[in-house]
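Below are structures written as structure tokens.
The following pair of complexes shares a single chain, chain A, combined with chain B in the former and chain C in the latter.
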Partner chain A sequence: MPTITIDGKSVEVEKGTTLLAAAQKLGVYIPRYCYHPKLSVSGNCRMCLVEVEKAPKLVTACSTEAAEGMIVRTASDKVKAARRDVLEYLLINHPLDCPICDQAGECGLQDYYMEYSLARSRFKMADKARRQKRRAVGPHLVLDNERCILCTRCVRFCSEVTRTSELEVMERADHSYIDLKEGKALDNGYSLNIADNCPVGAFTSRDFRFKQRVWFLKKTPTVCLGCATGCLMEAHHNENTIYRLMPSPNAETNTWLCDHGRLTYKAVRAGDRLTKGVIKNGLIDLEPALREAGARIDEARGAVAVLGSPWLSVEDNAALARLAKDSVKTENYCFDFASEPGIKDGILINKDPAPNTSGTGLVKTAHGGLSLEELSRRIAAGQIKVVLAEARAAGLLKDTLKAAAPLLVIFAANKGEIPAGTYATLPYASYFETPGTFVNYQGLRRRTAPPVEAPEGVKPLWAVVNKLAAYSGASLQLDSAEDALKGIVFK
Partner chain B sequence: MAFKLTEEFKTRAEKICAKYPRRDAALIPLLQEIQKETGYVAEEAMDALALLLELPYSRVKAVVTFYTMFNREPTGKYHLQVCRNISCHMAGAEGLLALLRAKLGLAEGGTTKDGLFTLSSVECLGACGSAPVMQVNDKYFEKLDEAKLSALLEDMRHGRLQH
Partner chain C sequence: MISVKKVNNRPLNLLERIYLWEIARGISVTTRHFFVNLFFPKNILTVPYPEKTIPLPGNALFRTRHRLKIRSDGSPKCVACFMCQTACPARCIRIEAAEYAENTVEKYPAVFDIDLSRCVMCGMCVEACPEDAIAMDTGELPGGALARPGMKMTKETLLRNIPGTGDPSAKGAANRLADEYSGGLE
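Coming up: the complex of A and B.
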């Protein structure tokens, strides 16, 4: 284990540790463009040059391994001059796009220029080399070759992470530019990570483009509910609107975030978002909708089935279980969802598309209930008159429900989710609007944090269930989501 | 035009691949083979080669565009490549290029209508000792001056140049 000295502080590091990683351990920040902790080392941007005593030249901190007794300086005059020169070099042909560039505010060039350079350009605006300006490459990205500094993070991401190798550096020397096969789209399911990885504004997200200046965005750490992997992410929002989802790298699940997961926030402000109840096809206020649904459930009682959902939080599933057991007092309820979890593509996307299959298991352990097959059999046998279910979970019994045609009371956040033939639909707050506990495929307990508020009149599902209970049977008196969790044991 | 690698080429390619520890190492030799056969490396040839070597297309394209010696368009019968680096420049390459431009009525990168000549300026040909130098297809012509060049051009026009 070599011991090295960086800026007068000594540190012992594992063999093979780079100077950049060692400095990071000491809290010394070394600027970088091409280096990314999860990609191979390229060493082409030269921004991380540091001085090593007795070395004839400055060395790149990202690619130099620490050796016993090295004395490293990251803030000497020589290093400062090198950083200024590298920045001047990178900026010679960089267009002055900042006022119209989406990257402004989180741009490596802007940040480092302010930190390490502040020099005036010695080149005339008119002499700048021109490159191809913005063009869409694939469904999620825009590429502006003129802004590119050729750090090749995007090239390495495509060849090392997604292994699709769409991107390459074409031509050579001062003609080089990033490109892909003509007519081919950059659409590998993870393409938006390229926009994050790009340290400048060359790759930007088509979805986020021109929607919001990044310095207005507030950041709320939350969990992705796109599948059972349960990636940690940050919702970036302003004035009650979410603008984008970004990964929060962590050791347990994810460094990146898939394109599908990133766009899950769209449903929150979608045109078909439900803010009122629906009876048959007519919109109606929540209260009368609840009364109607409650009355139908009350009539049927023992012939009511309540189906939990792996798309709902543990709290909301627990509230549904309480409704079945303590209010409606039916034995026909089910929190039994089998899945075969595991990473499907070797990166992030899970075989199980539902985020909370493990969480419904906890509810089943606490409250019991039928197996999904048994419930399905009872519905098919005509023993069930009313089915209360979340829309996507009802989809699991699609054929049975269609054949037996019981009265369907559905919880749905968007109109598009409502199954055909539904009698009553009750809206609920999405997990971007209310907190919820989810258990991912590894058994990790994760809680969503709401970045935005629910539309007026839309309540969390447990609260809707609480009100429904008053109309359909004995009152549950749930005052908070935690009340519903009584009896549930987390591992 | 759909480009297909011939069976004969594929057999030859396998032999070339066998010389290297990894198949993709044969990329440049195979590109040279293609250029030798057809005079240039077509977009379709890059596709076919990528399939043959199990490489991403973008990798093949990156290599072809990196090396300026790979022609991406058909060239004339004679590809005139005048060195423009420092030794040749000082020995009068600039004048030779101007002469060729005027005589052939071409800009650099252009091909004459009769398909006889393509004119290019290239980086150092590694023959500084006998500057100025011009490469015609695979052959070097050294210590050129305007008179020699004009005579050479005439020879080529009348098919008297051996190559």
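Coming up: the complex of A and C.
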């Protein structure tokens, strides 16, 4: 356990700790471009140079291991001069097209220039080396070689994290540039992480391109509902519109975020978003739709089935359970969803595509209910006249529902989800618009935070269920999502 | 050093204190102006703005109605960087960016609106513009309008070059690319 001194403060660190990590422990920030905590050390950008006593030259903090008695200075004149020179060097051929660059506002070059340099350029615009400007590489990214500082974070990401090795540094020395290897396309399911990783504007997202300047964005930490992994993420939004989703690195689940997860926000403002109820194929207001659906449920009474959904939050599933038990008073309800959780690709994507299978397990423990097979059997046997379900959960019983053809009352957020032959569809607020509790495959309880507001007239599912209960049987009197949670025990 | 000015607050004399004489004196001044203006209207200094305006002095550094400059190839010089919208204290600028398929400058404003009824004519947008694309040198004062839409300038009404002001020029980094694209001027 070597003890080292950084800027006069001493710290004891594990053997093998780098100076950069040791400084971080002390709260001393060392600027870096090529260093990333989850990628291998490259040491090529030279931005993290620090002075070590008795060392003949400045050393890179990201690649130098701490040794007993080291005395490190991160803010001496020599270090400051080195940083200024490194920045001047990196900016020599930089095109300075910040006005049209999406990275502007969160750019490593801009930030460090303001912090560590502020020197005037000694290079004429006309003398700058020119490289290929924007071009699309893969379905999610745009590459601008002129802005690249060759930190190779993207190359290392592709070879170490996704292990697909699409990118490579071509040529040598000052002819170098990043390019796709021959015959490869950058579409590995995690490619948008490269846009985050890129400290400059060389890789930018095609989806986010020119949509919004980053300094207008507000950030709300929430949970990804793309699969059972339940990654933590940040929704970046402005004026009630989500513009992008970014990972919030955490030790439990994720450093990155997959492309599928990042684009889940699109459904919120999609053209087929439901803001009204649907009876057969005609749009009507929520209230008459509820009345109609409630009347059908009331008629069928004992022959009503309620199916929970692993795509809904614990609160909404609990509200559905209460509807079945306390309002409609049927025993045909099911919150039993088997799954085989586990990371499918060794990075993030889960075998279980539903975000809340573990959460429905909690509802089952509290309220009981049939198994999915038993419910399926009863529907097939024609004992069920009306089925109340969330759209994607209804997809699990697709064949049975098609064969037995009971009256389907479906909760759906988007028109595209509605299964064929649905009688009534009720809209609900997505989890970008209302909070909800989800339990991921590891059993971690996570709560979404709503970055935007639901369209007018669209309510959270528990509130829709509460109204439906009034039309179809005894009232549930739910005033909040927490009311529905009564009786449910989180581990 | 703070300079102190001593004010001579002398007490009012009797004539001033009885008040009526001073009122009569004031009314006589107003009446004199009324009749002078009535019979010699040419000497009136004010104009009934906005129905009537007087030309501004040619070399005055006034901030007047905005315009957006045009490149030699006819495209707007603006690259929709949102700097003006960010700097605007009155929040009267609304931009929507779009992408050129071919042009090397990549970005242009699909929408560029200025709400003159909100604008405070501070010139921060001109200061902020890194491309020298917006200017307040038209010499026209935005007058009043009877309805709000009349005070709104859109991209179409904003885009124009003024001869003799060095247009079309190619200042700004992103415009350097546009300039090479359209044949080069400087």
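The rule we apply is simple: the second predicted complex is superposed on the first by the 488 of 491 C-alpha atoms of A that agree within 3 Å, B and C clash if a C-alpha of one lies under 4 Å from a C-alpha of the other, contacts with A are read in each partner's own complex, and residues count from 1 in each chain.
Keep this in mind: contacts are C-beta pairs under 8 Å (C-beta built on N, C-alpha and C of every residue); 3 or more make two chains touch, one makes a residue touch a chain.
From a predicted model like this one, the values you see are computed outputs, not experimental measurements.
Colleague: After the chain A overlay, clash or fit between chain B and chain C?
Modeller: Chain B and chain C fit side by side in the superposed model.
Colleague: Once chain A of both complexes is superposed, is A:Arg172 in touch with chain B (first), chain C (second), both, or neither?
Modeller: So A:Arg172 only meets chain B here.
Colleague: With both structures superposed on the shared chain, find the angle between the C-alpha centres of chain B and chain C as seen from the C-alpha centre of chain A, to the nearest 10 degrees.
Modeller: 90
Colleague: Check whether A:Ile100 is in contact with chain B, with chain C, with both or with neither, and answer first, second, both or neither.
Modeller: second
Colleague: Quick check for you: in the superposed arrangement, does A:Lys181 touch first (chain B), second (chain C), both or neither?
Modeller: First partner only, chain B.
Colleague: Kindly classify A:Arg134 by the partners it touches after superposition: chain B alone (first), chain C alone (second), both, or neither?
Modeller: In the superposition, A:Arg134 touches chain C alone.
Colleague: Between chain B and chain C, report the minimum C-alpha distance in the superposition, expressed in whole angstrom.
Modeller: Superposition on chain A places chain B and chain C at a least C-alpha distance of 26 Å.
Colleague: Where on chain A do chain B and chain C both make contact?
Modeller: Overlap of chain B and chain C footprints on chain A: empty.
Colleague: Touching residues of chain A toward chain C in the complex: what are they?
Modeller: Those in contact with chain C are residues 95-100, 104, 125, 133-134, 209-211, 213, 215-216.
Colleague: Sort out for me which residues of chain C touch chain A in the complex.
Modeller: Going by the criterion above, the answer is residues 79-83, 86, 97-99, 104-107, 130-131, 172-174, 176-177.
Colleague: Quick check on the complex: what are the chain B residues that touch chain A?
Modeller: Residues in contact with chain A: 43, 56-59, 61-62, 65-68.
Colleague: Could you please specify the touching residues of chain A with respect to chain B in the complex?
Modeller: Against chain B, chain A makes touches at 159, 164-172, 179-182.
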